[in-house]
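Each of the next two complexes has chain A plus one more chain, namely chain B in the first and chain C in the second.
Up next, the complex of A and B:
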């Protein structure tokens, strides 16, 4: 022992303040202390009042516009029903925005890498203009353009008596439930929808079975062909059997508004347009970056086996780039869905707008905002779950 | 080895005349004039940066040459898109980094070209793909994905993928340079079998054993120019040019 350590003096003790364990403890102590103070303050501020969500079950006493597929009014329906209408309005904007901004974003992102000078510069201009302007400014701008740029309803732009454009909105043809040829009840449409769903399920099973057979026997069983045949056949036959229980309603002008068809109101149009274009400009950059991140050899190998430019893009480049971009695109989807609350700026009755009306009329700010926050969080969670599922599917299985 | 007897009378399938290629101010190819006969095996040697890869990449127009002419099986390589499509289906290429499509199974990697470019029925394309996988010795890997294979197996799949387009000419751009030493032989064996089957091949490689044993002719590139060419025996044992001697003294 003496021979081993005899040369070394005893170690000097580390002062308490310089010990790592003590430092960690100190930091955690400060954190706990500050949190306790904040909670104490919040409880103090909120205390002494009664809380509850009972007010949501009273009649709303206000109306909201921009309803679709539903018809509620403030005299017979509760505040909570109105809030659900707001959620439905938000959901419509978000669904359309996510769909369109993805299509537009991928197109612009691909265009930006095009060897065509004009196309690539136009794509660059699109991205640089729309991602560098505040979203709220864009939405208000689109609203002004739709309201003041389009003619009044009396002079509506008439595109072949099928589409109409005016500052009352954009009217497009839309399928409507119908009793069918035999004048049956309107729920025949729902029966048909169920038949289509059943055909889809059956087609899916048949396709799987034929895939298995093909694998087992090594003989062709055309799974995709039979799946599509069964689905299309089922949908068509049930449609005919039920006596065509769906008609396409073409809009017509009626006084100072449209009748029939589907009317996209200026508020909806401006909000969706602003959100879509803004989000698409970011998605375009993500698409561009993930394509450029692929090894150059992928393009060369695709060229070497003789694929055309379009085949190279759709069969080799995009399937790989899409996987790369899912996490970043999920972020953009979450941004877009929460940015939909800017509906407030153009008085589109989304969930935030409706909740604010309730809060202005009856108070209960704490409950109303808790409700708003929880709703948005659930929406974000739903988008994340779907995108994570997609991500795991795409990264694990064959494309 | 190779097909000397056959190639004496065979027609020329690749002809280049005064080919030049510039990358900015850097001249990558300087007045390259050469020809390759049908069924001939040509190995291209040279120090790195000598333009040998650039040259064979010009032969299927992955690079566009700036001056001179390249004619493959009577097809002029120029900006005529019809010629480009024709050439891509005549000339197969195998890359140093394999460049398999990572999102497709081995089978789909091989059938993609035949199905989408040649419009072959799936069934037929898959049968052909399985035959090719037998030929390169890995039929059991058909359902796997490239990332699950070793480098040597990936390169053999890449060769099968090229062959599936039924090319008349195969170009190899350093096909064994990215491989671990123990996998080089399995790829070279496949290439040798291909050579013996009568394929026209242009091979950029550092494998001197392959050059000596399989090539009908060796070409030596330096600083973008075709410095010397000849039979392997002539090239390795009796080089004329100083630059060739210097190169051989460094590698042998």
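Up next, the complex of A and C:
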């Protein structure tokens, strides 16, 4: 059957060089070779240094200010302990920033779409001004304003005898554990905290149960309302039953500082203020875009069934816009967490600042940088995990 | 046709035309009621907002009047050019005069200047003239500013003559302008440095921001395209290393990478610190831009690749002629966003590096005993300078989004 008459001649075998598999292999081989060369060169260039993480276990011999709830002495503790103090400082700023910037950002984003001309223009100005200014300059500017614009502590700006603004920081009232009316031990506060947690868990289950009932019967069972009632009632009743085991301490000036209450230091204030406003201006744009992306029929339908403006926003518009905005907001959270390193500009002792001190004292720049990048990556990972969990809870899986 | 013919139909104007014909007072009253006081609740909101706005405006006016701006006018050179040799000032002005008409041409080709843009530009020009007139430089800088602005408008007007419809004239104009824009950066560097000009370690002040940001963006874009294609590649070795690179770079904040430029890269890359900073900015930006381009690649329907293969294009040609042009077009807005972000990030170079860009020189200005009280003024001025450029860039990106028809089909 080898005699073929007519038709095409049998195709000549493709030369090796033009075969796809061979070319892929060749390309990868060349690529790996070049990459290996580059890595080899970098390793070679950095080879002259001494390596090892032992320096982290030696005494730090420097102090870190702006600690809160902890008081770690830098002269006796190791460098690694002081680095952990820095991480705690970063975590504080990031948590406060994410919370406040979300609230502010949603408020400004919604105001941007308000039918009220003045309100919407003010929201627009807020976004345009703060989004286009370098965050670093903003933080430095806030710091200058707090340090040099606010009065001396002796004649601090007094807001109703509870808040005090001075160039030593912003003093605010703060709850302190207390034995309560019956003069019990201080751990009554912890008992109350446990009661509040129990009330929260109970409220969660009641809410779930009522949601199920609502779904089964089609009748309203007000899950959110009952959940909040149970939580607030539980917290209040236990608070009263334990004899008010908590007092709110109002700041009192003693000498050149405030004795009670909580003083937000200028560094923390400037950093948090700058980060919050900057992040909020981006979140506001995301909120606006995701609300505008909703079909107009949603607003019209809400109007048609007679919802008020507030109900329309909270029951119809925001829940749907939330799904749209979570990925972008997550990105902004990640940016904000990394931007907290600009604390360096106001000498707020965050993890980058502490790491930089360590590097200045002992060198080991490569190891210090490895520490920095691993910390930031873990922080980003934590934020992503939480936000992805939220996203998966909110995404509609069933129609 | 002036007299209405008897029996002819009366012309009925649409409602908005009827409303527009009423006297101004009525319209203003109606607008106020609709937009500010539609309901009692809204009226309260309006009044509260008005009180808040008034307080802020009053505070701002008071601060501007109470502030002492002499610190800016005296330190004008320090803030704008710092350590740049003073006798080479003409090199700076020639660079400005080189770049302004190109920006004007870009506006003329891809956007148009509306009434608001002109108002904004008039304000910015007034600000520039004010700066140029105060201080010690005499009339020379005023003439340079006026000339540069004239060149901007010349570039704009010439490019407005180019027809908007795709055609031979337009494609010639676009390619010329695009090429000139691409060459602008090397040209400016040549003007600044060639034949006895400044050395790289003499770059300083606002000028340094204006040079570092474009270098970072251009370098980042050039690095990002192969990175994005590499990450999407089917070759495992390539896609894994590209992914690792991108995630590593995005893992640490820019200030951390500047730390690397200062303490680690000195052993790896020879050259001035400013060269290492440029490399770090480009590498940092490339990771972010690569992710945006990857987004563009993923947004492209797979049918595009299949269609290209069906008409017999090879893999390289498919990428070059079909996939990349469309993916890049989709990712232009976020890339401009990244450019704005990098522009703002150049403000933190002086925070850690011994380089003196605008913020660093602001610190130097405050360090003078005479101006130690004026730090707020100096930082406000720096913030305003950064803001102007970033605002213009964000406007350009919005225009581009609209004129490229992204998000529409």
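Couple of notes before you dig in:
In this text, the second predicted complex is superposed on the first by the 297 of 399 C-alpha atoms of A that agree within 3 Å, B and C clash if a C-alpha of one lies under 4 Å from a C-alpha of the other, contacts with A are read in each partner's own complex, and residues count from 1 in each chain.
Methods note: a residue touches a chain if its C-beta (ideal position, glycine included) is under 8 Å from a C-beta of that chain, and two chains touch if they have at least 3 such contacts.
Everything quoted here is computed from the prediction, not taken from an experiment.
Of the two partner chains, neither chain B nor chain C is touched by A:9.
Residue contacts after overlaying the shared chain place A:136 against chain C, while chain B stays out of touching range. Contacts of A:342 after superposition: chain C is touched, whereas chain B is not reached. Of the two partner chains placed around the shared chain by superposition, chain C is the only one that A:48 touches, whereas chain B remains out of contact. Using the contact criterion defined above for the overlaid structures, shared-chain residue A:359 touches chain C, although it does not reach chain B. When chain A is checked against chain B and against chain C, the one touching more of its residues turns out to be C. In the superposition on chain A, contact is made by A:28 with chain C only, not with chain B. In the superposition on chain A, A:298 contacts chain B only, with no contact to chain C. Taken together, the two structures place no residue of chain A in contact with chain B in one case and with chain C in the other.
Within the complex, the chain C residues that touch chain A are 35-36, 38, 42, 45-46, 49-50, 52-53, 235-238, 241, 248, 251-253, 255-256, 259-260, 263-264, 267-268, 340, 344-348, 351-352, 359, 373, 375-376, 379-380, 382-383, 386-387, 390-391, 394. The part of chain A that touches chain B in the complex is made up of residues 220, 295, 297-298, 300-308, 311, 315-316, 319-320, 323, 398-399. On the side of chain A, the complex with chain C involves touching residues 24, 27-28, 31-32, 35, 41-42, 45-46, 48-49, 114-119, 122, 128-129, 131-138, 140-141, 144-145, 148-149, 338-339, 341-342, 344-345, 352, 356, 359, 365-366, 369, 372-373, 376-377, 380. Against chain A, the residues of chain B that register as touching in their complex are 60, 62, 85, 88-89, 91-93, 95, 97-105, 108, 112-113, 116-117, 122-123, 145, 158, 161-162, 164-165.
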